[in-house]
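Take a look at the structures below.
Paired with subunit B in one complex and with subunit C in the other, subunit A is shared by the two complexes that follow.
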Partner chain A sequence: MTVEQRIPRGPAGNLQLLGEPNASAAQSVAPPQRATLEPPLLLFEHVSKWYGPVLALNQVTLELTGGITGLVGANGAGKSTLLRMANGQIQPTMGRVTIRGVEAWDWRARRLVGYCPDVDAFYEDLSGRRFVWTMARLCGYTRREATRRTEAVLERVGMAHRAERKLRGYSKGMRQRIKLAQALLHDPELLILDEPLSGIDPIGRQELLELFQSLAVQGKCLLISSHELEALEKLTNHVVIMARGRIAAVGTLPQIRDLLDDYPLSVRIDVPQPREVAQLLLNLPDVLAVDVAPPLPHESPETLVVKATHPKRFYQQFGQLVVQHGLNIRRFEPLDESAHAILGYLLGGSGKT
Partner chain B sequence: MAHTDTLLRYRPWRGVPHGPLYASVALARASLKLLLRRRLMWGLLALALLVFFFFFYAQYLVVWIENQLATDTIRFAGVPVNAKNLTRFLDRLALNGSDHTFGNFIWYQGYVLVIVLALAGSVLIGNDFFHGSLPFYLSKPIGRWHYLLGKSLAVGVLINLLTTGPAIVLWVQAGLLYDWRSYYVNHLSLLVGIIGYGLVLTVTLSALVMATAVWLRRTVPLAMVWMALFALLPMLANWLVEATKDERWRLIDLWNNLYLCGLSCLQTDHATIRPSPQPDYWMAWVAVGGGVLVCGMYLRRRIQAVEIVA
Partner chain C sequence: MAREVPDALHTHPRSEQPSVVRAFGVLVVQSFQRHWRIRQMGWVALGLLALIVFWVALVTQRNGWNLAERRVRRTTGTYQQEALRLLPTHRYWAATGDEEFITPPRPYEIPNPLQPTEEAFRSLILSIPYAVLQSDQFLYSWSFMTYSRWVMHLVFLGFALPLFTLSYASGAFGSDRESRVLIWLMTRPIPRSGIYLAKFLGTLPWCLLWAMGGFVAIGYAGGAPGREALSRYWPAALMATLAFASLFHLMGAIFRRPVVVGLVYVFFFEAVVAALPGSLKLLSLTFYARSLMYNEAAEAGYPVELLPAMTEAVSSPTAWAVLTLAIVGLNGFGMWLFARWEYRDDT
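For the complex of A and B:
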């Protein structure tokens, strides 16, 4: 079961693409009573940030209320700036960032936020346990409570039995886990994770993905920046795509794909009679082209690659076609609905981030 | 990690997390522990302890000789010497439980203190900036000022550990060496003066450590600037005073200014201060206050702009 199935999503209407004015916004879950009574968990209002002559964020408006949101974009797109601003590490040059109505720059807002930065510059002389404990004390807990929470989070991230070692002896993956542990200490409502999967082995990655999912199920809001698109897709299909300091798109991947009118949808269809089906498909108004794919070794030769506009309408029309003609569809696979493909369309090039 | 469905199941905690001031204290404690992990720091503390022991035992020796051997002569290298003359070389330090005793003690501790603070600045603050550890601290519910307060507390503890604390022990010892009832009553103002001197040192040097560490961040440049402040400027001040016959040039010597402020807390007669001539107390206070103000303004400016930009 994926997280998307568990967590209800926000309305499809809160989705915009680059070039449209502002208000790229909103999503997802939170207990209903909270959503109505309290300000949004994280709110960016027309936020811009300049580093000298460089515009890092440009009129960003974003609202998060729950669930898992992936933050993707090329290097230098403004992801880290956005995350740091959400955590109050950076002040906006213009606009406002609030956490439940409190300015993110204010220390009170950070009671609600856990931050796992991309840097792992620790005091190398400390043990992992000592570092996390010190961070717990900075959260204002008593010694006893700090110890209890330290043990709990170390257990949670799978570091309890390795936490006595000094940080300088940790591998990249262990450092990531320790960073995650310190972010979880005060049981924050909003968890901001900057590249949390970087350097983690496949088994550890799966464990962390499960951890993120369980946190989301418990009502936490996670904002995760990652270049690991495949891993991110496993976790959520709700993404914020950033490009050149602006939010290029917000929404689920299919929603974003639907809005990419300039890029026809590519769908692979395996059928026993490809030429006849191709003829039927070409009669559909949204189909631009149908290719009969050349046979590949060890693959079915009966493959069509259809290019169509308006994906949603095409899916409906294709469904009707299948029912009317009793087509025997062996395989139906959208080829460019992945995060990679969508990023490629939005950002240009291969979509590599 | 195996039972992820049980994750984040904290046992309910009924307490309320303390505020950021509490976190500042925790930060100070953690900072001190970090610092005390360094052998160099223990070496410097041992050096400071040696200075203290010198004053402690010398004060005892002087009083003992005064009381026990005042009229005796002893043979020193075959030559009969009045016992009192043996301690004449200590007269300059005024080891008699007077205001100058404590002023001199803190003056000499300053040589070690300056090195300790240069190290503390680079380890406690410079490293946070230089290695990028700040995001961890500032992602917790504390403000920038609370962070600086925590670090200042750690620096303040070091300063008082090396100066005010031992000076108070010397004051207690002096009372025990003389008539303790009359000494403690008649010289209570000295205790207040020592505490005042410590307060001036704590505020000024903490602000200076913060400002220079935030500015320079690395150990070597930091040590160089501190050397300039506490070694070159005093030499330059002496040279300028001698050349121009204007004692106000001593105001460029921060440690001398702090010394004057301390002596004014100890209510020392201005005419007895060495080296002489010295600028008036109020001038030293203005100079020290100005320095603190500049450091505070610099820190405020930096804090408004402290942004964690990797």
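For the complex of A and C:
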């Protein structure tokens, strides 16, 4: 199911979902001053891409103005094509991709974009520091400025004291950090990160997530493609879900979940009197089924698993029910609002990407 | 991590602003430095050069470019010995059995003193080879043209120079694509056509070093005719180097395995097709370089009839124009193409 393909965002990067897929007049609710003063940071306008007979992207319209956006989808969904197009490595067959109004294919657009590719290939005989410095020089900086920027970004990605070794001796995590460092060199407005967490240990992952968040706080726009859904969920709940070359859904995870009317919401409720509450719940019009699960060892309340349609309406009705009957709710947890579950619903199968 | 480095990347004095011209210059230098390490094809080129220099030096040491010292046939003596044998004195000695020859005298060589007029004419005609071989100018001209034909036209232009340039020019993009590091250049804020040109300019010194260095080494190994060939043919060698470098650089940008394509081109097209009679040779770069050499030798008064394959040589202005057009055209086309080409598998 297609939900929406345009992501106007507030100043703090909070994504807003606009409407249904066929809403032709997808309107921007970006801050007025931004909308009037300068073009969107990243804009895909009805973009399609054919690789011979294969349609890799199909009429994609997308707009990013800030914050962190996760890009998820199964293999072959078109994520890499979308990222490469945003970075000016490939051109759309139809439609237009612009960075602040400049065609992404134009070299001037690359001044605004930092790209951390998935490709794990370097000039292996260079040290990490030398590589980043060379990349800075290739951005057009003087030797002094390149040195200053190199030290700044190496410090930022936590590689300042480990950058003297040759790149061929680096671990996967260190290579990822060096890739990130070169993407930050020219202080770009838009950072495109393709699988930046791949191969990084849990501690390093947490550090990188913090770094991404700090970059977003500084006003950077991050577009992150990742298979690490749990990590992505920690970072942002604003996602672009791709399937078969289309944007299947855009928005926050709860927003997307709300739109999945075809799939009943599963909620776990822990209450001391499960059977009485189950009876009350079954009277609600949106509740399809209630399962009473036996309590786990060392846990006193029993658990109800409720399946309901129209989540928003169900939440309202359930709130009223709680107040009306004075229910003692110990725990209330939606079971399928995770990215995994939503992906599973959208893409079919387990939601694995 | 996630340490704040306040404003570390935000201060932009005017002098510290990025410059695309500076980036272009850095890429030229970086491309040059990337070729510092001699790669596999470099070693092949070095081995080939060593073989050619050894062969040329050996022939030179044995006076092999000199007509007088060459054998007429495997079983006969040298031209000098044959010319000597045809002189009246030696013919009479042979007839009287005072001198033994490698080959028995042919019927027309047998002296006939009973017919003095006929014998006088015969002696005169059979003495011509000896007289010719006494001319230093003729011998030197012959040496120079023989050296030009076999060393410069066939070996150097035929495959040595193309291989020298192929080994470096094709690697400018080829090695980057093979090791998948092209992405680091493609994400820099440099126009794509500028990336193409910078890579070419960074690689060109290596092509020139190998091709012209090889040219000089082969020339010095060739003795006096080799040294003269250096002074006369260097513009043709230079133009051929530039043209081949442009061609193989373009191949590197187009093909994933430019060395294979380049080798096929060198050994099939340049070596075989270009030698065929007809107009197909007009598509060969070496034909124009050979034409320049041919015309240079002709202007210097050398017997260019000794270059039978070059009887259809174009004029020097035409050859200059075509080679210049090839250099400019190939690079211009490469820049145009590279600015539109998507390196999907390499980035």
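Note that the second predicted complex is superposed on the first by the 310 of 353 C-alpha atoms of A that agree within 3 Å, B and C clash if a C-alpha of one lies under 4 Å from a C-alpha of the other, contacts with A are read in each partner's own complex, and residues count from 1 in each chain.
The criterion applied here is as follows: a contact is a pair of C-beta atoms (placed from the backbone, for glycine too) under 8 Å apart; a residue touches a chain by one contact, two chains touch by 3 or more.
None of these values were measured; they are calculated from a predicted model.
Visitor: After the alignment on subunit A, I want to confirm one thing: do subunit B and subunit C clash, or do they fit together?
Guide: Once subunit A is superposed (C-alpha atoms), there is a clash between subunit B and subunit C.
Visitor: Taking the superposition on A as described, I'd like to know which of subunit B and subunit C A:Gln182 touches: first, second, both or neither.
Guide: A:Gln182: touches subunit B and subunit C.
Visitor: Quick one: classify A:Tyr115 as touching subunit B (first), subunit C (second), both or neither.
Guide: A:Tyr115: touches subunit B and subunit C.
Visitor: Between subunit B (first) and subunit C (second), which, if any, makes contact with A:Gln91: first, second, both or neither?
Guide: Touch partners of A:Gln91: subunit B and subunit C.
Visitor: Which holds for A:Glu210: it touches subunit B only (first), subunit C only (second), both, or neither?
Guide: After superposing on A, A:Glu210 lies in contact with both subunit B and subunit C.
Visitor: For the combined three-chain arrangement, which segment of subunit B clashes with subunit C: 21-29, 57-65, 75-83 or 183-191?
Guide: For subunit B, the clashing option is 21-29.
Visitor: Would you tell me the residues on subunit A in contact with subunit B in one complex that are also in contact with subunit C in the other?
Guide: Residues 51, 84, 87, 89-91, 107-108, 110-111, 113, 115, 117, 119, 121-123, 125, 134-135, 137-142, 145, 148-149, 152, 156-158, 182, 184, 186-187, 207, 210-211, 213-214, which sit in both footprints.
Visitor: Taking the touch rule as given, give the residues of subunit C at its contact with subunit A in the complex, in rising order.
Guide: Contact set of subunit C toward subunit A: 1-5, 8-10, 15-16, 18-23, 26-27, 30, 34, 37, 179-181, 183-192, 194, 342-344, 347.
Visitor: Given the complex with subunit A, which residues does subunit B contribute to the contact?
Guide: 1, 4-5, 7-8, 10-11, 13, 15, 17-20, 22-23, 26-27, 29-30, 34, 37, 127, 131-133, 135-143, 146, 307-310
Visitor: Residue numbers of subunit A touching subunit C in their complex, please.
Guide: 51, 84, 87, 89-91, 107-108, 110-111, 113, 115, 117, 119, 121-125, 134-135, 137-142, 144-145, 148-149, 152-153, 155-158, 182, 184-187, 207-208, 210-211, 213-214
Visitor: What residues of subunit A sit close enough to touch subunit B in their complex?
Guide: Where subunit A meets subunit B, its residues are 51, 80, 84, 87-91, 106-108, 110-111, 113-115, 117-119, 121-123, 125-126, 134-135, 137-142, 145, 148-149, 152, 156-158, 182-184, 186-187, 207, 210-211, 213-215, 218, 220.
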